[in-house]
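Take a look at the structures listed below.
Shared between the two complexes below is subunit A, which pairs with subunit B and subunit C, respectively.
And now, the complex of A and B:
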């Protein structure tokens, strides 16, 4: 059973990114469970693998529109595919950094991997996942926590 | 014998030993053969040269005598003498030069010259030099006047003819003296020459003999060298062959062994030889020369890495006891996380063993052996989990054994549906505060219904979890503002509830299977039929009555009350209303006991029986629909008390309270979160039960009426329409 503090750390990592990079806070929608092993993904996904006390993956997935606006908000004029992938990777990296800070020794966290366009490639290792909607301006992204 | 030879040869068979041996033998050859050989050869050459010189000089005394006699004869015959004098001069001069050459010390050997010692050798004449010089000096004294003669020795006289002049007469006397002296000196000279020649020949012969001996020795040494080198090479070849075989065997072992093996040096760097399985164990290549720290970095936790490095350093401290150190090995069974690609990491358990490697008593390396114990650890974990689960399942099993299978299955179906509903409500995209609050009300009703039925069935494990869920809901309801973040604890509890319901469901399925095996086919068939087609029977089985009876007894007992439940007409409940009627019945009975029925002593004091009565009746009104009446003979409802609580909890303003009629006051009871109890218990106090009744009634298109008489009774009357028929002839869908 996942602990609340563990999930909060991941959520904080994602919302912090918006707070710091875009100087505009993101809000969290009501979280829910996905029990069919298919939590779904948007066009761009940053995945980090977790092992140690917990095993599985955590990913941040967002639509292109949201990430484009976020880039523009960050005064970045280059909204190319590569730049968007870098951005989603950075969000995953921030989540990873937050988790390292809080769990450090008990969690082993992999380097983020970015999966773009091919949403079928984003697969959950377990049937049950926690999905936390991340709302920013009019856009919505998802943080998926799928840990044993 | 062989072993002795091997003992002697072995040190020599090392590369350094062989090299030293060859150098020693080479130097010996130079010292014993080449230097003396060259010296002797030089001596032979010198003596040969001297013999040749001597041979050339031996004719000169004869030539000198012949020249003197020729001069003497020609002077007597008044002949021409100049030619003989010249002959005398030439021979004397050559002999004098030879004398000088033979009597001065000869240069030393090339060896002494190289050494530049300044040492001189002996003269060719050897011990005869002094005598030779003495004889020649005396001879030279008598020859000197003859050699010094210049001019013509004759004078012509007409009367006497040609005669010797004064010079001629003196020359004649000198020649005579030289001939006389020569008769004695020249044979001496000749004898000395002969003696010197004999000595030189003797020396030459000795040197040649010695040279032959040296050459023979050289030949023997060279042969010995060849034999020795051949033996050494052969031994070396055998050794190399053994080494090659050993290397091949080591390579075979390293390629085949399942364990990871490598050596660590003092700088904690991995050696160049390691087993192939390391690549599989660590999913990487090229281990040679990498630091032990880098091998473990990123695959074990930072704490484990730091401890492991300290441990290996302690192992290198030779004073520490190896066995003692090994007892604190932090890598005895370590969890490692390897990159499995796509952000996934693969977890394995590895066992590291460390052994000190000593050469001549000195520690040179640490041998590290690593084995993959993942299967063993996984099995142990699975066993532990299975044991824990088994314990939990036994507890759950004991809790469900007394419950009718069909009822249990029905409860599980309903509960899972409620959980899905809760999750669906959570999933609805929400950003506004108001929508979040509405979600809370719906969640409350769903979980309360599950909790109620769990309580009715005596499933305390589920009831407790549902109650904890309600606790969180209540805490959220009391918050001044709400965001999605606040719902996180609910999702975690939902996860827990779902997991628990799943495990109960698994147990029920296994129980059902067990009953089939036991041959209780008839009973199970009925149960299965009811499980599969609960809605098509058209009737509620007797389970609801029994469930409510159990609930009544438990709630009364836990609240210090006594109560009897009477149910009638439940066989007329249509399938589509089954769950709703069950939920309503459960909430109504709990409300009746907690809020209506008084404590036994209070009842007795009021002239009532100690045990309160709760009556539930379901009536089929034909076309007019159905009626469900829940009535208790308790304390009735006090409109003043309701208003007081509503004011206190903010459901009413004082002004609004003044204007409310009785019906509106009773309507407050159905507001979400309204309860007259100060503190919530498992059975009441959250203000959900009555709200759930009203909500369910609304969903079915029915109405709720409240009737009461203070101190006498409270009656809830629900009027429900007939279910809407679906096109396929079945009743309408379930409204929950």
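And now, the complex of A and C:
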């Protein structure tokens, strides 16, 4: 179960990522709880395994259009599928790593696992997940936090 | 050579993300730095370090094969004069302190702007 302050940590991580990397703010919708074990996914998903004092996953999922524009905003000219996958993993890694500012060193994060072009493969380890909707330019993405 | 002319320094970039490796190479604007190579994990980095003998390294921490902290220790064991800037998303203070204690010289938290990267590298080089 996540506390409100803990959800805020992930919201701040997500908004900070866009503010700094894309030099353009993202807005965050109201976080909501999913209880059926299926928080959903877009075309590209970067999954970070969490171990230590907390266990579960954090994932960032976004459509190709958003990730392509994000790469371009970062002055990256190579918008190949490989780089899109790299980016979605890096966003997940950065937001999860930044969460250690509040969660501490015992919030251990894995290297990213990227799932692309197969949304059915994106699954949560527990029935309850918090979904943080992220809107940037005309695009929508989600940050999903599923911790014990 | 005049005393005010500073020798160029070799830079190695270590990060498991291709876009971050390319971003650092593209964004760093320190005239003295010349990129001599990039590695995607700690094991590759140690091999590349032995071959290219860089003076400066940017080092990610969360990587497959060998993580950045272990890699920092190995690089410092090979050349204790190397300057290492850790560039990581791990934002807790204990991780930064641990990396510095293992031999890193600076810490830059991801995400970063071009200016933050160049400021961190310039500060690192003020030690050279």
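We adopt the following convention: the second predicted complex is superposed on the first by the 147 of 148 C-alpha atoms of A that agree within 3 Å, B and C clash if a C-alpha of one lies under 4 Å from a C-alpha of the other, contacts with A are read in each partner's own complex, and residues count from 1 in each chain.
Simple rule for what comes next: contacts are C-beta pairs under 8 Å (C-beta built on N, C-alpha and C of every residue); 3 or more make two chains touch, one makes a residue touch a chain.
Just so you know, these numbers come straight off a predicted model, no measurement behind them.
K.L.:
Superpose on subunit A as described above, then tell me if subunit B and subunit C fit or clash.
P.N.:
fit
K.L.:
Between the C-alpha centres of subunit B and subunit C, what angle is subtended at subunit A's, in steps of 10°?
P.N.:
Computed from the C-alpha centres, it is 60 degrees.
K.L.:
Considering only touches as defined above, state whether A:116 meets subunit B (first), subunit C (second), both or neither.
P.N.:
Neither partner.
K.L.:
Does the superposition put A:66 against subunit B (first), subunit C (second), both, or neither?
P.N.:
neither
K.L.:
Where does A:125 make contact in the superposed view: on subunit B (first), on subunit C (second), on both, or on neither?
P.N.:
The answer is first: A:125 touches subunit B but not subunit C.
K.L.:
As a test of reading the superposition: which chain, subunit B or subunit C, is in touch with more residues of subunit A?
P.N.:
Touching more of subunit A: B.
K.L.:
Mind working out whether A:41 is in touch with subunit B, subunit C, both or neither, as first, second, both or neither?
P.N.:
After superposition on chain A, A:41 lies in contact with neither partner.
K.L.:
Quick check for you: in the superposed arrangement, does A:141 touch first (subunit B), second (subunit C), both or neither?
P.N.:
A:141 contacts neither subunit B nor subunit C.
K.L.:
With the two structures laid over each other on chain A, which partner does A:82 touch: subunit B (first), subunit C (second), both, or neither?
P.N.:
In the superposition, A:82 contacts subunit C only.
K.L.:
Of the partners subunit B and subunit C, which touch A:14 in the superposed model: first, second, both, neither?
P.N.:
Neither partner.
K.L.:
Between subunit B and subunit C, what is the tightest CA to CA spacing in Å in the combined model?
P.N.:
8
K.L.:
Quick check on my understanding: which residues of subunit A belong to both its subunit B contact set and its subunit C contact set?
P.N.:
Subunit A residues touching both partners: 104-105, 110-111.
K.L.:
Spell out the part of subunit C that touches subunit A in their complex, as residue ranges.
P.N.:
16-20, 22-23, 26-27, 62-64, 88-92, 94-95, 109-113
K.L.:
Considering only the defined contacts, which subunit B positions touch subunit A in the complex?
P.N.:
Residue list for subunit B touching subunit A: 298-303, 335, 337, 339-340, 342-347, 423, 426-431, 436, 439, 483-485, 487-489, 491-492, 494-496, 498-499.
K.L.:
Any idea which subunit A residues touch subunit B in the complex?
P.N.:
1-4, 7-8, 11, 27-33, 35, 47-52, 55, 57, 59, 104-106, 108, 110-113, 115, 121, 125, 128, 130-133, 135, 140
K.L.:
Write out the stretch or stretches of subunit A touching subunit C in their complex.
P.N.:
Against subunit C, the touching part of subunit A is residues 16-17, 20-21, 23, 71, 74-76, 78, 82-83, 86-87, 89-90, 93-101, 103-105, 107, 109-111.
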